[in-house]
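Both complexes below contain chain A, partnered by chain B and then by chain C.
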Partner chain A sequence: MSLAKIFRKLGLVFAVFLIVSPALLFFIWMVSLSVKFEIDNGAYPPILIPEHFAWKNYTSVFESNNFLLYFKNSIIVTGAATLFGLIVGVPAGYGIARMNAQKSAIIIMIARMTPGLSFLIPLFLIFKGLDMLGTLWPQIIIHLVVTVPIVIWIMIGYFETTPIELEEAAMIDGANRWQIFMKVAMPIAKPGIVVSFILSVIFSWNNFVFGVVLASRETRTLPVAIYNMLSFEQVSWGPLAAAALIVTLPVLILTVAAQRQIVAGLTAGAVKGG
Partner chain B sequence: MAAVQIADVRKTFGTTHVIRGVDVDIEDGEFVILVGPSGCGKSTLLRMIAGLESITSGEIRIGNRVVNDVPPKDRDIAMVFQNYALYPHMNVADNMAFSLKLKNAPKSEIETRINRAATILGLTELLDRYPRQLSGGQRQRVAMGRAIVRDPQVFLFDEPLSNLDAKLRVSMRAEIKDLHQRLKTTTVYVTHDQIEAMTMAEKIVVMHDGIVEQIGAPLELYDHPANLFVACFIGSPSMNVLKGRVELGEFITAGGVRLPLEKTPPSALGKPAVYGVRPEHLKLSADGVPGKVLVIEPTGSETQVVVEVDGQPITCLLRERVAIQRGDTISVRADPALVHLFDAETGKRLTD
Partner chain C sequence: MNTAVPSSSDGKKDAGPRQPKKGSLRPSHWPFIIPALVVVGGVIVFPWIFTLWMSVNGWQIGVEQHFVGLTNYQRLLTDARFIDSMGRTLSYTALSVIAPLFLGTLAALIFNTKLPGRGILRGIFVMPMMATPVAIALVWTMMFHPQLGILNYLLSLVGIGPQEWVFHPATVIPSLVLVETWQWTPLVMLIVLGGLASLPAEPYESASLDGASGWQKFRFITFPMIIPFLLIATMIRTIDALKSFDIIYAITQGGPGTASETINLYLYSVAFTYYDVGYGSAIAVVFFILIIALSLLLIYLRQRTSWLLGDA
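Right, the complex of A and B next:
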């Protein structure tokens, strides 16, 4: 390797470090907080790696706060919202892509960008009238506002890059519209479905505002539950950071596990060769 | 197998007229090639036969059934696309089986048909591969295999060879022709390559700007082009043309060069016309027209010489090897019996 090449490589490493460092440092500090006792957390100058590890921060998260219930709530809400999001969003994305219906795509985008609070209050009243507030349904339904647009927008992109000839070939081969969608368009757009599934899970899992308004004590999701750990008198940073990390963990694992799928999906668009 | 009739078919996209009244009769079992420059509407016409494009007006019949409103899947046709359009998520066998599975054909029959097609096309070893694992030529064969397992009434090909390299194209040409000899299925084949058309077709339909310029057997088009467009489009190197007027027994170019004619069509007398002669019908001859040699290209089997006559480059294709050089002056002579005359205004053929 020539010197110039080494320098270029070093430059790249440095640039990447610079760009990701805010996120990285933030994450490292959170990990550090989660394993320290309160004394170390308040120490000045700050301590990164403590002498004594406070593992009880983690165990106490599981012991207290109905953690498992909230975890289950989160899984049900995110799972159901993502499932319905895919069932509705994949065919919708296909329709919009094939009919060139950009206007409807934009309307969906606008619905996505509308501030949640503007429709949360009326919806709260409606759900209350329907006597649904004690259940997870209001949150599942409202999370569709997050998942459906994500799925639709990602799938539009995938279906648009699928060569129309493939569908025409299927048409000539004797397939009807439904068969074309199920047997040709969808299997080819599978990487897109994976990507939209992951993003939909991430956004739904992390959503906070909807839960704050719509969740009762028994129907809280994890982000809301963590928020409720904050009290005005005193913030216990250790348990809070531990809880936050536990909440983030499933999403983190999912992202890392699916990273290859996402990248493969993004490059598999060129179907011309096969 | 079936005959295909295209009667006064038109197609407009918005306000653009892409097909402007086309009539073609394709006989049962015939191999017909639609040829024309890019953008003349060949694909559009083919797609109308397939049912992928609606018919603005006119009528298309396949085997005596008007198919204007019949969806593609019920037309009993198979199509091979320019980029093959193989299903990327299915292996070769599944690609070929797709149409049969949709028809709920019995498993044993599907297998027999696939094996037969694979044998014909030399795909037996590749049945488990995915399209991305195949070379261009192999993909091309799979696309044809997908068409022949169906045993359709009509094969439609849209520039199937244009993505292949030159050598493969030549061998696939022979293969497709051979396939047609064997299966005898009515075939409509689109290409912009006149050599492909000349070498493969039983009947050529020359299209230009959404209309049919001429229909005929390859050599018929070559020897008796109906108009200037066909004359210049068919043949490589293409026909030499000179503008001028017709007098009794001779043609006088714009620059005053006199060229002998065998017969003078009475209707053309004194009128502005175009004189056309194919490069291989020109010979070196002392009593010919003198011209300066601009280019000389020996290929071994023949020599292509470009001479300047009447200020225009004229291509001669000589069978013999000649000892001439660039800048020399030579005399060339056209065989008067093989000369074509065209109306200068309409481009229509004047000689018979």
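Right, the complex of A and C next:
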């Protein structure tokens, strides 16, 4: 009996290893590619851990390609779009939950179904008409298509479950709606704000299609920048893998560090931007 | 799931305890919503309407636009490249729904057991869907390389000859589906895991007393009860696979030739390579209708099954 139990346990461990390994091995290989010289990256059979590490792959990423500028662009676009998304979306989630107007969230659902390009074509024409394309504004504005729905969707759910009795007590004490929202409702809904912040940041940071159309040379975000490294510059795998890792590392760290919040948020609305 | 956030297909059912009606207080909450209404109106609703308007115009960037009625839509009917892209999109979508659904359910059953280090393992498992798609695509492109790629080396270990992967028209779609599956199986896993967590314990206890096997328990207890969750996962996966862009564009740009050109990729070319935004908008409208139609079909299926299961 206990032997059977041990076998079951071993089987389970093996099964877990099997399902986690595609993700694990991929990222290990990504790291391996990024720290190898060209000669090792072209070796057959492939080498996992090289004798000599090519740390210069990482330094060369930052030295060339305006990489720091693109990093800054990404931070500005994602930061501004997320911040604005929260400023607009958190009160909206509160209002919709309190007015029992959940049906209005259908717009968010339809937006979730709409292909990103059908937002992009009209807004591209507008931005072009207004001569805004050399600046970061078009990207900040269009990233609201990603961040605002995520925030509203998640916040409706959180405010639905926060107890209304506290708010009623505050009202009896003479607080107005704005004070109730700021002092009573928002502090309770903090976990929801954290979840929507994290998911907004990730999906805005990862967005590629908006940037590929709207960005000029000076206003590229990181995903667009690494895509251009692939297509226009001499393809050497080490620096390319290093750049790819640098771009996605902030998101991966956030994913592992905040996986509980992310799981809660994703299963809640299965939100995904763009 | 500790949060009672509305799930994407039905806010009502999964929502927490209803608040008492606050009819008299309703109007006073409008100020909270107005800023969001302005933003949603500007960046979401306006583009919808504008796209519709452009789709009935001959509209190319740099050329005067003019009303052409349904000409753009008629052109779609005879556009072989569009029709081919439609077929490709549907087969790409079918594969990209089925594979993650199967693997994700399997993974959820495994993750639903008591494991040491479950949290960190789940964190790793979820990484592919959170990582930046373009960064992922770059590494996959290297792995697909026919001479230097690790995938052909791994195949050679099990005695399979080298493949062309994304560099051959016949294998490009399955190869891209492989990436899509790798990326999105975790989302299916999370949704099904949420379903498994909500299952009651009693049926399993009585089934054990009756001597049911593990498979029988899955087939007759677990599976019927997680069908609603599988349908949610199917719907989300269908929408996302139809819209898939980053991975395909970054790895193949629709190539070789047009062998992996889905509707979304073709739409991109028409609008931003040929700058034919009128025609592109017509494609966008038809594409949008396709997505909505498939989603409604799945919602209908979901309602039917919940009716069959007697909980509607």
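Annotations
We adopt the following convention: the second predicted complex is superposed on the first by the 228 of 274 C-alpha atoms of A that agree within 3 Å, B and C clash if a C-alpha of one lies under 4 Å from a C-alpha of the other, contacts with A are read in each partner's own complex, and residues count from 1 in each chain.
Throughout what follows, a contact is a pair of C-beta atoms (placed from the backbone, for glycine too) under 8 Å apart; a residue touches a chain by one contact, two chains touch by 3 or more.
Here the structure is a predicted model, which is why all the values come from computation and not from measurement.
Taking chain B and chain C in turn and counting the residues of chain A each one touches, the greater count comes from C. Of the two partner chains placed by the overlay, only chain C lies in contact with A:251; chain B stays clear of it. Once the two complexes are overlaid on the shared chain, A:75 sits clear of chain B and of chain C alike.
In the overlay built on the shared chain, the residue A:132 is in contact with neither chain B nor chain C. Judged by the touch definition given at the top, the superposed model places A:205 against chain C, while chain B stays out of reach.
In the superposition on chain A, contact is made by A:173 with chain B only, not with chain C.
In the superposition on chain A, A:47 makes contact with neither chain B nor chain C. By the touch criterion defined above, A:165 reaches chain B but does not reach chain C. Shared contact residues of chain A with chain B and chain C: 271-272. Across the complex, chain B is touched by residues 163, 165-166, 168-176, 179, 183-184, 187-188, 190, 271-274 of chain A. Note for the complex: chain A touches chain C at residues 12, 15-16, 19-20, 22-24, 26-27, 29-30, 33, 41-42, 44-46, 84, 87-89, 91-92, 94-102, 105, 107, 109-125, 128, 141-142, 144-145, 148-149, 152-154, 156-158, 160-161, 164, 177, 181, 192, 202, 205-206, 208-209, 212-213, 222-224, 226-227, 230, 237, 240-241, 244-245, 247-248, 251-252, 254-256, 259-260, 262-272. Residues 1-8, 11-12, 15-17, 19-22, 25-26, 28-33, 35-37, 39-40, 43-48, 50-51, 54, 61, 103, 106-107, 110-111, 113, 115, 119-128, 130-136, 138-139, 141-143, 147-148, 150, 153, 182, 186-187, 190-191, 193-194, 232, 236, 239-240, 242-243, 245-246, 249-250, 264, 267-268, 271-272, 277, 280-281, 284-285, 287-288, 291-292, 295 of chain C touch chain A in their complex.
On the chain B side of its complex with chain A, the touching residues are 50-52, 71-73, 77-79, 81, 83, 85-89, 98-99, 102-103, 130-134, 139, 146, 150.
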